[in-house]
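First chain written, first letter: the chains are A, B, C and D, and each begins at residue 1.
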């Protein structure tokens, strides 16, 4: 473990250097092959071990279950020209003397990138390079990503941590564009009495989710979230995934106006760490559930960049 | 508990009478309001209690995780004229000095009714009547079911049981059209030393899944599965959900040629019990995992009849 | 012809009586079988005869061609929760020594009911009854309408007439909710020196199209257009189709607040007359092209309610 | 005209040289800028002049109309993993005292590249280069092609010519893989007494369409069609578009096994000539309609590679 932490620290130091002063990410340092080998397609999901599953188990105490997914519906905020459509066709049947009748639904949309969404390793690149240095010109095909598809991730059953930054700052909702600093993160964790362990997933509660379907324009125009500093800390803590109640997880716009979603790049291609957006964290925050068992397995959409989801938190 | 069982037994007796001799289901007996009240939209998901969650917890012993979802891909078997399409559009970006690039996927399909699929309470009717006597002419709207949508189900965290009927019968794969009888079910449970508890989910391993993407035509032309007799037994056991490694869960064609998917009607509209199809049960069977913790939460697709999924089994 | 006109007049008189004073359309009178027989599925398209084609030919004088379709794009105004999505997937190829590469597009949407749209006979009903008294419970199936699908319409090659009502009223754009009266229609025709012949298609220019993608909210909130009075006149003229530069063709809201799209009902189910919406009529109006050859054939989308299109006007 | 022809001849000579002996197309010669200038996005549609429209008019003699589009339906043959889905959602309404009810259809598919399909200039490249030397890396964006989109084509109203090669060869259907030679083309034209004029569209009847929905596997496995030799002749004739009753228009497989769809490359990127596939040519052939007025305008799908269609032929 110690050895691993040292190696991680070194990588992060390199990353720090690389992004300082607007230097383009991914040029100045060597960020691949990944620590899990050059052929790896699972990234930080490799940190889900039987020990982490048993640690999750140990957090189940009352049997209270929280759903962390929001409802997919036509009025939800959607990024850019992505879309979500659901229609119930005419019923089929009746069939047989038992008058069997059934309904389907026909759905279309950017399925892994609308609503509550899990970002896989094929979603984000630094220029043409993705996780493990895979070049999108080689693996991104019309019929699905030939590498890094979300079907490789597997089940994430591990300890989950909620960091209630809004609560720590004493507000119901952080402002759009507010960068959650390392001090904020550490302060909130200290106040909560929560530690982050290697192999955890971490959810950041900003309160921004209270705008969901209440003021979609404001919701999508900016977002509070962690910046590179806090993200590096979580990278060093060797987490598996970072989620939030915003559409971007990270702060938007970035305080450095030259950078676009740099935390996505730090986490996904450089460190194989997953992102989960538009999570419903408000009930966990309300009930002060700061550690919990977390269960989620992405839909095995072959060659997809992400997955919709309704992850489960249990305490 | 005893009282509940008596009440259930009575209901099942009525159901037995109703379906005997080809009598149309839903005509001769009173199957609503549901035992959870006339307004209920969650059916047997009401059986997921904190106690069941803690029972699931107690089954986690080694931390071994199984994914039960199959991969969604264009070559998978699909029923009738349903479809599944996934395409990776041209990349977006590069954005910023950090050369942020991203991929999406655009997906269309009958999302809750293709591949590994969870059937909600709005999927199946007896004539025009659905769970709790809701008439489809009232609640089935183009933009989504106004009642019984899958977003009402909530998380299913409970004890799971695998019944390896193929193993019990000493074959790798049951024949298409083979009805798994009550004797088969009970024999397999006895051989395994497994009991079914109220609030469990039950998975039936038939071996039929070995045809998946190997012989799609054969896979879809028929299926082994439980018939009404075994289904009634499971209804009486007060399970939450029944799953299988076939596209229909129940035997197809039904031995009674006048009946079309009668087990679907017995479970979903009459008893609020969910169905999960096209599950990957082979690893559980191989490893003789007959009881396990089961975790699944349907995508909260507003007004949908079902959900895709990748449920998790842990022992 | 004379005989036909008398018969039509009688029918219209009945229709007039039926809709007067808020009496529900379709209750008080006998509007089927259609004049083309009880089995007919083509309605007023039956008026497209070789003679009409030759009349269209005679109007081609300069060889100037006008496209009447608007561009389908994500920013266009769309009614309610309908959608339009177009994505260019990753390229396929290169293939062969000749380095063949190709692009596709993946599109989803309510294809016959978004953008420039042609309404077929399966689109509009009076209660459950559609053209020729067909009951939607019998013919509207999930996989497509089993009757009245747009594939039955066939090619419409005939004389086209533009009625520039905005020009007649001396405005660039009629107001939303303005009902184009019979006097307006006749006044504009008189001013233009244009007659309407049986078997023509008629386009009404209101100027409302100038709001397209300029002020989508205003565009969709209401519309100028013909009401029942002017529509009856066109029914009596035995036209094939009525089009306009609005999303509704008819006035919205109807001056009678109890009526919803009554002109649609008068035209489509009662008289088999087609509607074409969101047409680009501005160039015809600018160039004072009041009669022209009109060419359009709906996409043969089996069982669809309508068709997208880019009809051609030639003078 | 003479000058144009000379220039065309020279270009064709270059093209001939370039493709001989398996030399990769597009490497050895200079095929852009196009004859219509470096900024042109319409290609051979520029040949549609008022004179051609009037020539089309002159061919309308009896007023007989032919639809050339096939029906779009789920059982039609589809290339590779493309798809076509149409569903009729639940009806909307009833609305108002007039009980307005309406149906929509929700459609998804590779809309310009399934069924009867018109190939635009953004569909086919030679390596990364498309018509007028546009590089796909510059113009092919997820939300639509930024150049060469099918919305630029405009209406095609011109003289149409049918070449009944099956009839000329005395068969109902040419064999799959049969290359229609220049001698075949010229022989058929001579037998018919038909000339090809600059600005015409040319349809080749092979009889292959008789397999449509009769033997989809055979239909899609190969196709008869013109090869490079006959295609060059048509390029030299300065046609606007070449269509056929096959999915590929050109012969598949190409007699030169190293080449994949080389006729597509000769026509679309090199010469801006359009292709129309899966046309219903059988009625024209049956009625010996060898020249006719042709009317078609692609759907203005912004940034699309092609368009579905139901073109009209009139004599």
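Convention: contacts are C-beta pairs under 8 Å (C-beta built on N, C-alpha and C of every residue); 3 or more make two chains touch, one makes a residue touch a chain.
Worth saying up front: this structure is predicted, and the values here are computed from it rather than measured.
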Chains in contact with chain A and also with chain B, listed by label, are C, D
Same or different for chain A and chain C, where same means more than half of the interface numbers show up on both copies? same
Between chain C and its twin chain D, rotation from the CA superposition, multiple of 5 degrees: 180
Computed distance of Cα centres, chain D from chain C, in Å: 28
Here the gap between chain A and chain C, centre to centre from mean Cα coordinates and rounded to Å, is 47
Express in whole angstrom the distance between the two chain centres, defined as the mean CA positions of chain B and chain C. 46
For chain C, residues contacting two or more additional chains: 74, 81, 85, 87-91, 104, 106, 108-109, 140-143
What pattern do the touching chains form: line, ring, star, complete or other? complete
Please give the residue numbers of chain C that touch chain D in the complex, ascending. 19, 22, 24-26, 48-54, 57, 60, 62-67, 69-74, 82, 86-88, 91, 93-113, 116, 122-128, 136, 140-145, 151, 154-155, 157, 258-262, 264-265, 295, 297-306, 308-312, 314
Touch list for chain B against partner chain D, complex: 74, 81, 83, 85, 89-92, 104, 108-109, 140-142
Write out the stretch or stretches of chain C touching chain B in their complex. 81, 85, 87-90, 106, 108, 143
